[in-house]
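Alright, structures below, take your time with them.
The following pair of complexes shares a single chain, chain A, combined with chain B in the former and chain C in the latter.
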Partner chain A sequence: MATIEGENYKVEYNPDTATIAISGALRLGGLGEYAPIIEVLNAALDEHTNITLNMKQLEFLNSSGIAMLSKFVIEARNKETVDLTLCGSSDVPWQGKSLINLQRLMPKITLVVE
Partner chain B sequence: MAETFGNYEDISQARTQNQEYLNLSFSPSSIPIKQRWRNNGLSADFLGDYFTTFFPKSENDPASLRRQSEIKNAVSYIANELLENAMKFSDERLNHPISIRLMLDKDRIIFSETNGVSREQADSFRTFINKVMSEDPNELYIQQLEENAMTDSSAGLGYLTMVNDYGAELAWYFEDVGDNGVAVTTEVKVAV
Partner chain C sequence: MDQKHKNVAKTHFILIIMGFLAVVGVLTLSTSIGFSNLNQINARLQEVVQQNNGKSILMTRMRDVIRERMLIVYAVVNLRDPFEQDEYQEKYSGFASQFIDARDKLTALGLTDEQKQQLDGQRKILGEAQVILNQVFDLVRAEQYEEASKQAVKAHEMNNRVLVELQEMRELQQKIAESSVAESGVATAMARKKILSLVALAIGISAVIIGFVLLIIRRQDKALTKVMQELEDANVNLEKRVVERTNELMSTKAENMRMSAELEVTHQLQEMLLPRDEELLQVKGLDIAGFMEPADEVGGDYYDVLNYDGRTIIGIGDVTGHGLESSVIMLMVQMAVRTLAVSKELDPVRYLNVLNRAVYDNVQRMGSHKNLTLSLLEYQDGALNLYGQHEEMIVVRKATGALERIDTVDLGFPIGLQDDISAFVHTHQIQLAPGDVVVLFTDGIPEAENDRKEYYLIDRLCDVVKTNFARPVNEIRQAVVDDVRRHIGSHKVYDDITLLVLKQQEVA
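Let's turn to the complex of A and B:
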């Protein structure tokens, strides 16, 4: 299990289940500051073909964070062999608005918003 | 010289007695940006929380709870993006304060954020604004996500998410302030 913990957020990657869980509020300053999280996401892409990204507990994400997610989704799409499931919550307003755009980047994403 | 882009309404002066305003102002050079970054989130969350007062919820009405949570999130997201941009692009040499003002209108919330930038920065921002004004925002957004992934950047994404995901209307006001500087005001209007 790889874990990154910041002031208000946590990223946990469980290689056994190929699941990455991101929780809290992410407002880092620019994509450069997201590099450690991008590394974890890329590690999952290198090791697995069926990956789940759980964001149910991610209350806030700034636009640089959205850029990070888009980059991850585009890389998963370009690998062609990767199946990606995004889990979100309908109780978290930004997810209802913004997650759908990721499906436009990679139509075969499985989007589960409960 | 001054120029406007989009339907700029200028909320810098109160128009009637009974409108709700909230102003925050920061001096650009008093604390290094790295330490100040944390304040963006704190200020944005405060603004989001504050405005929920005007959209009361009733525990028995799930729609009112959802509406309040949507408004809080929208205010917090937009204010955070405006402040992040202001902190990133303000030119400290100009010593121009960063200010954000929120006004509650009848059926909308209006944000107005001002900061000083160099003339070069104003020129490249003008190019971006013209693109946002003339192209389909939805297409431009997806195109920008693809481009950003190639170049490891998140430039312009804040404004495009405001338009696409939050249905915001954007307008700008540029005004020369001497020392080769330009005061840029970004106005964001969201229906509530």
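Let's turn to the complex of A and C:
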């Protein structure tokens, strides 16, 4: 169980269930600051073929964070063997547009929006 | 600590002074003893020598006198002239008083008991000899020369005994003098011993003092060396820390300067390419008011109004992240949009796809992970064609006061994320009636946060626009800006705030 905790957010990676849960508000400044989270996401990609990204509790994600997710999805798409499930909430404003875009990046993605 | 050291130093000082005084005292004492002893000895020696000399001379005198008197008597025995005999007798008499004189002087010089006895003895003998000698003169007068000679000889023998004794006395005197000298020698030796021992004492005390002083000096030296070493170490440490801190500060300062320089450049870039008010006025049929306020750390919002051949291209967009890189990408996009406008590209799909490909290839070359949202509006004579993915577009109809929110999710895709987006580009057309208002914005407005962590949200923006849509565009703009600022209050502004208000002009 790898956990990254910041001032307003938490990233939890459960290798057993291949689930990454991100919660809180992520406002890091640029891909450099997102590096630790990128590492966790890439680790999941290396270790599993069926990954779930749970963002139901992720209230806010800035444009750099969304760019990070986009990169992650492109990586997963390029791995061809990976199946990706994205869980989101319709209550969270930024997720409406972004989840659609992420699925357009990788049509195989399963979207679970509550 | 200081006081303790002062006291110790004082004690040392006092001890050293006392020791020094002791040495000086001992030396003075030994010198004075030495001098006094030497003086004594000297005086005694002088006395002895004087006496000895005096006594010798007198004894010799006495002897000479006796001899000469004898000679006179022998001479007289051979004299036949009575006048000569008288002359010699006179001389003979003179000798007696000379002898007595010498003997008295000798006695006055001080004689031992033995010597006194001897002199007494001699006096007796001399007295007897004198009697005989007197008889000799009588016999000579009586012309009994042979008898006179015989008596003279007798007297001579008696005198000889005295002479011998006198000689012995003189030799004895010499011995006495010598023993006195010897005594003096002993006294001198003792004095010397005393002086030497006192000097030795003085040297001893001095040695102790010097040893003491050296000990103190060594101790202080050690302490001083230790302190100096500690000081040096502290100094070295301090220097190291100063260097570290200076480097820290320098790099922080450099970083700050770099950041502020970057900020300057970013803001300038943003400002540089915004459409001028005159350009906005040239758009036929449309009133346009624009607003852009960059946040502290962010740069990357874009809007533009381009006019070519009666066709107006309005763009609004937002590059991800912030900083110089975002500003540069924004520059590239502005240029690409204008280039395509100049080239009279009419097909929206091609427009956006070419633009996307160009941006994407450049972004790849830059090794950047950034992309941007971009909405483009084509306007001509009230007809508005919208394409590209960005925020919602707000439309308020004058006739009904109704507000529409037009979603752009399905009209495009983020620019620069992948090489081909043609599949995602779609257009949305609307026709504007006079007085209709269109508001375009970037996510800095809906995502503006207040101290209670509440977002501004598009709903609130819609409320403000709906309330103010009848007013001129710059007033609508002001109303929105004021309300957003009111919401944010003193909270930190995370993102650039960009706003475009369009209103279809009334027919003249």
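Here are some notes:
FYI, the second predicted complex is superposed on the first by the 114 of 114 C-alpha atoms of A that agree within 3 Å, B and C clash if a C-alpha of one lies under 4 Å from a C-alpha of the other, contacts with A are read in each partner's own complex, and residues count from 1 in each chain.
To be clear about the criterion, a residue touches a chain if its C-beta (ideal position, glycine included) is under 8 Å from a C-beta of that chain, and two chains touch if they have at least 3 such contacts.
Quick caveat, the model's predicted, so the values are computed rather than measured.
Three-chain overlay on chain A, with chain B and chain C in a clash.
Within the superposed three-chain model, A:10 lies out of touch with both chain B and chain C [touch as defined at top].
By the document's definition of touching, both partners, chain B and chain C, reach A:67. Once the two complexes are overlaid on the shared chain, A:97 sits against chain B and chain C alike.
Measured by the number of chain A residues touched, the leading partner among chain B and chain C is B.
In the superposition on chain A, A:48 makes contact with neither chain B nor chain C. Shared interface residues of chain A (contacting chain B in one complex, chain C in the other): 27, 29-31, 60, 62-64, 66-68, 70-71, 74, 93-94, 97, 101, 104-105. Residue ranges on chain B touching chain A, taken from their complex, read 34, 37-38, 40-41, 69-70, 72-74, 76-77, 80-81, 84, 88, 141-142, 145-146, 148-149, 152-154, 157-158, 161, 164-166. Those residues of chain A that touch chain B in the complex are listed here as 7-8, 25, 27, 29-32, 60, 62-64, 66-68, 70-71, 74-75, 91-94, 97-98, 101, 104-105. By the touch criterion stated above, chain C contacts chain A in their complex at residues 297, 318-323, 369-371, 389, 409, 413-414, 417-418, 424, 443, 446-447, 455, 457, 494-495. Residue ranges on chain A touching chain C, taken from their complex, read 27, 29-31, 60, 62-64, 66-68, 70-71, 74, 93-94, 96-97, 100-101, 104-105.
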